[in-house]
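Both complexes shown next keep chain A, but they swap its partner, so chain B is in the first and chain C is in the second.
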Partner chain A sequence: MQSNTALEYDYSVAKLYMWTTVIFGIVGMTIGVLIAAQLAFPELNYLMGEYGTFSRLRPLHTNVVIYGFTLSGIMASFYYSAPRVLKVSMGELPLINALAKFQFVAYLVAATGMVISLGMGITANKEYAQMEWPLDVLIVVYWVIWGINMFALIGARREKALYISLWYYIACFLGVAMLYLFNNMEVPTLFFSGGLGAWYHSVSMYAGTNDALVQWWWGHNAVAFVFTVPIIALIYYFLPKESGQAVYSYKLSLLSFWGLMFVYLWAGGHHLLWSTVPDWMQTMGSIFSVVLILPSWGSAINMLLTMKGEWNQLTENPLIKFMVLASTFYMLSTLEGPIQAVKSVNAIAHFTDWIPGHVHDGVLGWVAFMIFAALMHMSTRVFKREIYSKSLLEAQFWIQTTGVVLYFTSMWIAGITQGMMWRAVDEYGNLMYSFIDTVTVLHPYYTIRAIGGLLFLIGVFMFAYNLYKTATAGRKLENEPQFRSPMA
Partner chain B sequence: MFHWLEKNPFLFSVGVFIVIAFAGLIEILPNFAEAARPIKGLKPYTVLELAGKEVYKKDNCIACHSQLIRPFKAETDRYGQYSLSGEYAYDRPFLWGSKRTGPDLHRVGNYRTSDWHANHMWDPKSVVPTSIMPAYKHQFKNIADTETAYAEAVTVKRVFNTPYGPEIAPSKEAYEKYYKEKLLPEAKKIAKEMKNKEVEAMVNQGKVPEIVALIAYLNRLK
Partner chain C sequence: MSLTEMQGYAFFFFTIFLVVILYGYILHLYKSEKDGVRDYEKYGKMALDDELTDKPIEENPKETNEKKEK
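Take a look at the complex of A and B:
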């Protein structure tokens, strides 16, 4: 058996995904800042004709940050860390390495197709599952290849027991596969209409209430299996590696893993409270959302306690800052979600800006922060260089944290304001406000949110520059650092 | 405790799959057939309305508008009768939306007219001065994809038994006949109500712009 230091890992696939993470991050978040600004300043809708309206750009923003930025970050981390915890290099499996590169090409093709088709308005119109069936087929192929690669690596492993991160990667693979397949069941019109109409068009297999159920079973659990499960895989690998601390509790990680797997899917119904889906389903969704606090906080607390006795690292190492704040935002977000899932709160919060506010404290504070930290940690090992600038990382951290705080606080106020105004009645029981009153009142909050988003985007540019300089101009390292990533 | 499982990736994966899959089975399956039933008297969308629904999807109206009236007094006062499951029986996909940057549209056909929509889509500020909705002028120029809408009607008729008559059939001739005899007259009526000379002239030439189809769809929402 080879020891860890003797094995030379092949990072070629991880590197490819590192760069797409950065590119999609910049593209997706730039669109995000633009559409945030459009709500405050509607004139910005007319920059690109019919292709530049808020409505056309919003799915581009969501899809590019989810399937571009986040998924690339997950894949980069997977192809970096999975071989290391299994103690087998991608280079030892030439066929799997080639397949992984093919998977990357399929990814680029699908992502390009996604940007073009959504830009043109070709859409199945189910949120976070907008892509039409030809792209869906490609994505299934892509996902299956990932599964093959994952299990081939596992099959060739030298380390018998699967590390915690791998549990989460396996769950991510299985969960997304199941949910994506069922939610995207659609009938292409091409095959049943005698070749009439657009070849890419399809109709959903489910109608109305059923479609809503399946969609939010997916929508909620896309959050679970893309924004939560694989990001936990990241933190379980990168936080102990960067800090040199062992994971605080094995039992807690067991409890939170199996708890999360069991509870998460039940909670999907909380997107459909007060709708036409059966009442018992809504109640189940509500209850399980509250139960979900336990496994979520289990992971987060496990991570925070991993730093026990080593809190000084928080002041010394910006990567630890990113990761500790990420798990803190994860705690905030997983407490906020269940609060919104309580029926009486949901009656006010649903359909308002509090919901995008909640989404963004999770995705900016938790997902994006974890990905930044993971990529920076990797860069010192992958490029065998020192991180180009510590002060730039510090500045990025504070600018982005300010951005996230501005974002979610303004959306809390906006959401509750609007929710209360919609239902406000005068002394005779008549509605007090016309709908447009509840829109104009939001202008200051929309402005603050756009500023928050802009700050975050500036941080992304700083990160991109820092990463690029690390890869090209960082001081060369003789030996791979054992724990803390060296930085200048 | 579970170390044996972590050394057996196959059993581990099977375990994970079972744990995550059965919540879906228990929550989604029991009411599936019941939830698919239409309310009495519900008619399937006409092809023009379907083409309008495609415009609604293409310009992604659900980014800002819901089609789900919740059972609260504040909502029924503002938008009308709360939504019923059976009203959505022909909605593939469902278009409930998840955000109300603008008002709910599930019963917009009850209180807005064709010419109101025409003015509003051309320039929202002309009817709601402080509106933050963008103008959708391109819908007055782009031709609606009625053939794809027809293909959709044929598909749902054949695959899901949606109750369309014999005029919906899988051939180019059937489509052209339908277009001339059913779709164009329907479009002409809307164009006339819109009080827009250019749109009316276009429809009279046999071309249906997106806005006409969209308004047909919005008027249908009641």
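Take a look at the complex of A and C:
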């Protein structure tokens, strides 16, 4: 490595991912609002023939927001913050920089393939793992390149210790690698059945209950290693950096890390409570889910305490607002999840709208808020410009917060109502309600949910506009801001 | 002793073992800080002082050797 006084951080890869975050965010969440509206107003299913039905769009929504929006946000943050905490610029490693760009191209191809194939109804039929095997192979290549880049950066670092965010990125890499491979073990039908079916079709290597177990081992850990672990990596970097306050307790961050790593992997069984999997496994899923409160709250409280003595920033800086509310939603979500995983509660909650309610207070309040804050923080450094509009950011915050609250409160009420109605029996033990009775009762809540989603989507457009204007019309900065991101 | 009972005991002792490991780790963190082996809290500065020109919190020995060679 050459010492060079004019050396700067190279943000070219981070910048590419920033834009895909915005594009996939708009696409994924627009579909989300549409399918939410379809549940309230079924006639909206027939806008685009087979391509517009709920069943076709729902996997498109989940996959685009997870692997399009969230993963892009994670990669943008990784390629921005990992070099910084390691004190090595991507520009110093031309081969790794080129490989990272190739990784981005592979990502774009895989993500576009995902949108097209799911849109056409080509699916492996496993939740959050719907992509068929050719795309799975491409994703493995993409993931391996990420690993190479990550460890190459670590190998070239000037800083001896690895900052806690990097621990979480490494965990994200290893966790997803292991789980993804096991869950996507599938047999391409054409090659092993004497020419049956299309070349891209496959069937899972597991069957029945085993398939369900592996599926939810993955499914829940997609939540763990895509929605939680790397987002904690984001908050451990961006909140201290934006506020200028070092993390409250580094020791607590280490303890929470190991706690989370050990516990999270075993919680997936809670998706299969009251099903055909062995009872001890269900109990294990429940217990580990409840224990999970400790490491989750460890990280979240650590973040809130980082703001100790600096709470005035909450009123002055909208990015701090986003991040503090994100960690608060993380606390809410990680308390709500374990409650739902208790067997008796799950008997009511399972298959009801309380579940998507829970998912969305996590993903909208925690994941998306963190990604918005991270991208805005980055934008001032990447584009070397002031954030275009503080008031727009403030307005986005309040509109989206209202949206999230409307979303999860309506789904709490809808879910519990639904769960109770399904179980209600008369004095002779006959079920009191048919399915359509519940649908009729839930209609207002579905409408409220769609409105909540729409408010959130409006915020996404405000964010996209603000980011675009920051990149093109924000006031130019002569020096990179040290902590607080300047905004007009 | 039946298999189920054995599983029960194994589970119980394994839980105790893990609790010991967890508290042992907390103890280890605090003890190594008290004995001056390692100051964990200084690592929090890594996110704040992250300019290329900032002095590393702890210099990577590999990097130091390369500098010496030059």
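Going forward, the second predicted complex is superposed on the first by the 480 of 488 C-alpha atoms of A that agree within 3 Å, B and C clash if a C-alpha of one lies under 4 Å from a C-alpha of the other, contacts with A are read in each partner's own complex, and residues count from 1 in each chain.
In the analysis below, contacts are C-beta pairs under 8 Å (C-beta built on N, C-alpha and C of every residue); 3 or more make two chains touch, one makes a residue touch a chain.
Note that this is a predicted model, so its numbers are computed, not measured.
In the superposition on chain A, A:Tyr236 contacts chain C only, with no contact to chain B. After overlaying the two complexes on the shared chain, residue contacts for A:Ala171 are found with chain B alone; chain C is out of touch. Contacts of A:Leu7 after superposition: chain C is touched, whereas chain B is not reached. In the overlay built on the shared chain, the residue A:Arg84 is in contact with chain C alone; chain B does not reach it. In the superposition on chain A, A:Phe483 makes contact with chain C only, not with chain B.
Using the contact criterion defined above for the overlaid structures, shared-chain residue A:Val203 touches chain B, although it does not reach chain C.
With both structures placed on the common chain, the touch criterion links A:Lys251 to chain B and to chain C. In the superposed pair of complexes, A:Ile66 makes contact with neither chain B nor chain C. Chain A has more of its residues touched by B than by the other of chain B and chain C. Of the two partner chains placed by superposition, only chain B is touched by A:Ala124; chain C is not. Residues 160-161, 251, 254, 258, 262 of chain A touch chain B in one complex and chain C in the other.
Listing the residues of chain C that touch chain A in their complex gives 7, 18, 22, 25-26, 29-30, 33, 40-48, 50-54, 56-61, 63, 66-67, 70. Residues 38-39, 42, 45-46, 49-50, 53-56, 58-59, 121-127, 151, 154-155, 160-162, 167, 170-171, 174-175, 178, 182, 187, 189-190, 192-194, 196-198, 201, 203-215, 217, 251, 254, 258, 261-262, 264-266, 268-269, 271, 274-278, 281, 284-285, 347, 350-353, 355-356, 422-425, 430-431, 435-436, 439-440 of chain A are the ones touching chain B in the complex.
Per the touch definition, chain B reaches chain A in the complex via residues 1-3, 6-7, 9, 12-13, 16-17, 19-21, 23-24, 27-28, 31-32, 35-36, 57-64, 66, 68, 70-72, 74-75, 77-78, 83-85, 87-103, 128, 130-136, 138, 142, 145, 147-152, 154-156, 158-160, 170-172, 175. Within the complex, the chain A residues that touch chain C are 1, 3, 5, 7-9, 81, 84-85, 87, 89, 157-161, 163-165, 236-237, 240-241, 244, 246-247, 249-251, 254-255, 258-259, 262, 280, 480, 483.
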